[in-house]
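Below: a set of structures, written as structure tokens.
What follows is a pair of complexes built around chain A, which joins chain B in one and chain C in the other.
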Partner chain A sequence: MRLSLVSLIRAPRNAKVPSKEKLFDRLPIFRITSNFFGRRRNCWSLAMPAAQKGLVRSAWGKKVKGMYSRMLRITRLEAALHPYGQMSYESFAENLAKVNVLLNKRILADFAMLEPRTFKAIVSLAQKKQDMDGETSQKELLTRPYPSDLVLGSNYLKF
Partner chain B sequence: MPADPSGFLTAVLHNGVGRFVCQLQRITLKFCKEYGSSRGVREFIEKDLLDFARQNPGVVVYVEPKRHQRPKLEAEYLNGRTEVMNASEYSREQVIKFVEQLRCRSGVEIVRIRKDMRTNNISIQGPWHPFLNQPTEWNLKKFPDAPGLRALKMGKSATDIVLEMAREQGVLNIVQWEGKDPAARDDASGKGAVERTTDQVVRPVTAPSIKQ
Partner chain C sequence: MSALALTARRVCLSVSVLPRNFSTSLAASRRFGGPPGSQIVPGDIYASLQETAARDAAPGEINFAEVVGDQRRNPFNPELLPEEVRYDDAMKGLTPEESKISQDILSTVNTQIAEESYGRLFAVIHLGFQQRRVTQGDIFQQKFTYHVALGQKIRLEKVLAVGSTDFTLLGRPLLDRNLVTVEAVCIEKTMSYPHIIFRHMKQIPYRHYRFNRIAETVFRINRISFNRKLNDLPDPAQVVHTIH
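Let's turn to the complex of A and B:
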């Protein structure tokens, strides 16, 4: 191993350096702790429990990552809907489901971020459906900067 | 100790976009003329090597007999890296297969790929920016002093409240100071001295219009 050779070369003559076999067995753990703080990075008796704890935390994080991603995407969609009127995220999702648009939150959030014109079309679709069902309040209609027919035209939805 | 090497998807110099250059520079076949572990390599050299060399004129092929040593396939790539494969006890078919595999590789090191996708252009329509859905007249305005864009003042400011209280209580020496340096106001030398009179506004302050 490159590392054991270096440690053997650099160490003074009477230094206690672990054997190559020992280093080889311990290398996977040291790879995990390579960016930890202080002695937990390089000293075996501290690195071993630190690595175990790190792995446990990483497993917890993987489980919870889905939840956090979902919350983040909903927040992003709520923010992205803001300039298009007072439409809430709940009514947006409800109306999309009614017109059978089954795009998931990940795609919708990515569109809002990266493909804004597509997102505008999707929002106007949901708004049009809401208008057709008669569920838009007068207050919400006043706050809309664009009419719901602007992007897709007035005959797009024929439900 | 360093972390496990990991990387992202790469193509050497966008190989394949427009033109494709075979990344294998030279391949060396090391084998023993005598020992049995080199049998597959020897058969490959007798039967398939010339075809390989003719089909790939850009690859330099070396044949290196090494007495009583294990056979190896050594491939050197255009990015300077070398890949060595131990070919002992390989059959002729296996050698054909692995020579082909070495030919098709770029010289990039095989590491854990962090993401299985890569793009330089994340957005086709252009990413969102704050001025995207705003009126285009804003292009001609000078921020932050554009008249239509001041913050609306919905109520009384703290200054207004304090002035009102002072006038109710009958305070007479009210001076509104518009200068930037508060120390100059109390300067004894008289540089920033201002004549104090009853309820006199020193510099005209345009009171903000309170919209109701």
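Let's turn to the complex of A and C:
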């Protein structure tokens, strides 16, 4: 905190310095604005609205954080599905839910980054289920670099 | 009932139509999140369920009515759960080539499990409405209090997936409880730093501050290990109620 008693002692004699009682009441707000830019850091009439706006914006950000993180994970999964063909994220999630694999978007995105082999197996699982239901187009089949025969058997993917 | 209907028309409240045998204890608990209407059993059937459970229970079997007070609120009551999904044998519709490949894979995995030569295992755990990917030696922090003493060991049973360098096992949706053990220890129980919740309206002298502190518990994972090989039937004495 840059506002301190030392700076008050070094101020000139005619400076407008608040009393101790006033400072005590205003300290919580100055602690919020201790890392702001310029006069909003130390001048009360500018620091008060700056602190209020900062707190209101942080509350808005907490509300919206879940939305943004969800969007980020979906874009990451869409990008991770590119090397495995033209499969869309919607069909990927739909087929995983049909097969009762209820892994999170967070976990799936981490697998795509850190465990690519398991992610490849999960994608091939969803592709196999899509083939069994007959919802793949010929166009999508041609774009697949790996065949869906990596998944053995179809008896346990019926429901 | 007519007075309630009049208020609903005027004020647009959400009024639910209650069944005849609705108990008052559950009505009080519904405010704080009781079971949904589909799981509330009417009184006539509830009494008969208790009788059948007491009559048909084997000597070693757990009677849920004795263990947990209200049978209707127990989520592990098999009478209230939907029908179990029993997947067919995966080896049925395979060609001879595919069956060979699957047997090779299972044998390699089982030898690794028997010799414990798989290395470092990770597990995907469901805890507190969150899924986490976890290994040995991990520390993680969970919101709200858990009624666990410091230093007390816990077994985390909702495992969605387990993996190592050479193989991963995916559960549909959960793996068998007796396949994997994930042991954890409670390290710390604290309160978080004060989150400031500030409410403000423009052009009005309204400012409201709240310093919100949430309880937190910290866990450390001691070990992850396999209890049995794949496709080994577990002991019937250990099985309480598994989700396949």
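Note that in this section the second predicted complex is superposed on the first by the 126 of 159 C-alpha atoms of A that agree within 3 Å, B and C clash if a C-alpha of one lies under 4 Å from a C-alpha of the other, contacts with A are read in each partner's own complex, and residues count from 1 in each chain.
What we mean here is this: a contact is a pair of C-beta atoms (placed from the backbone, for glycine too) under 8 Å apart; a residue touches a chain by one contact, two chains touch by 3 or more.
Not measured: the values here are computed from a predicted model.
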item	value
Touched partner set for A:45, first chain B, second chain C, both or neither	neither
Contacts of A:99 with chain B and chain C, given as first, second, both or neither	second
Partner chain(s) touched by A:115 [first = chain B, second = chain C, both, neither]	both
Touched chain A residues, chain B compared with chain C	C
Touched partner set for A:34, first chain B, second chain C, both or neither	first
Chain B versus chain C as contact partner of A:14, first or second or both or neither	neither
Touching partner for A:145 - first (chain B), second (chain C), both, neither	first
Partner chain(s) touched by A:155 [first = chain B, second = chain C, both, neither]	second
On chain A, the residue positions that both chain B and chain C contact, one per complex	115, 117-118
Partner chain A, residues of chain B touching it in the complex	1-4, 122-128, 132-133
Chain B contact footprint on chain A (complex, rising order)	3, 27, 30-31, 33-35, 41-42, 80, 83, 112-118, 120, 145
Residue numbers on chain A that touch chain C, as the complex places them	52, 55-56, 58-59, 99-104, 106-107, 110, 115, 117-118, 121-122, 125, 152-156, 158-159
For the chain C and chain A complex, residues of the former touching the latter	85, 87-94, 98, 101-102, 124, 131, 133, 160-161, 163, 168, 170-173, 196-198, 200, 207
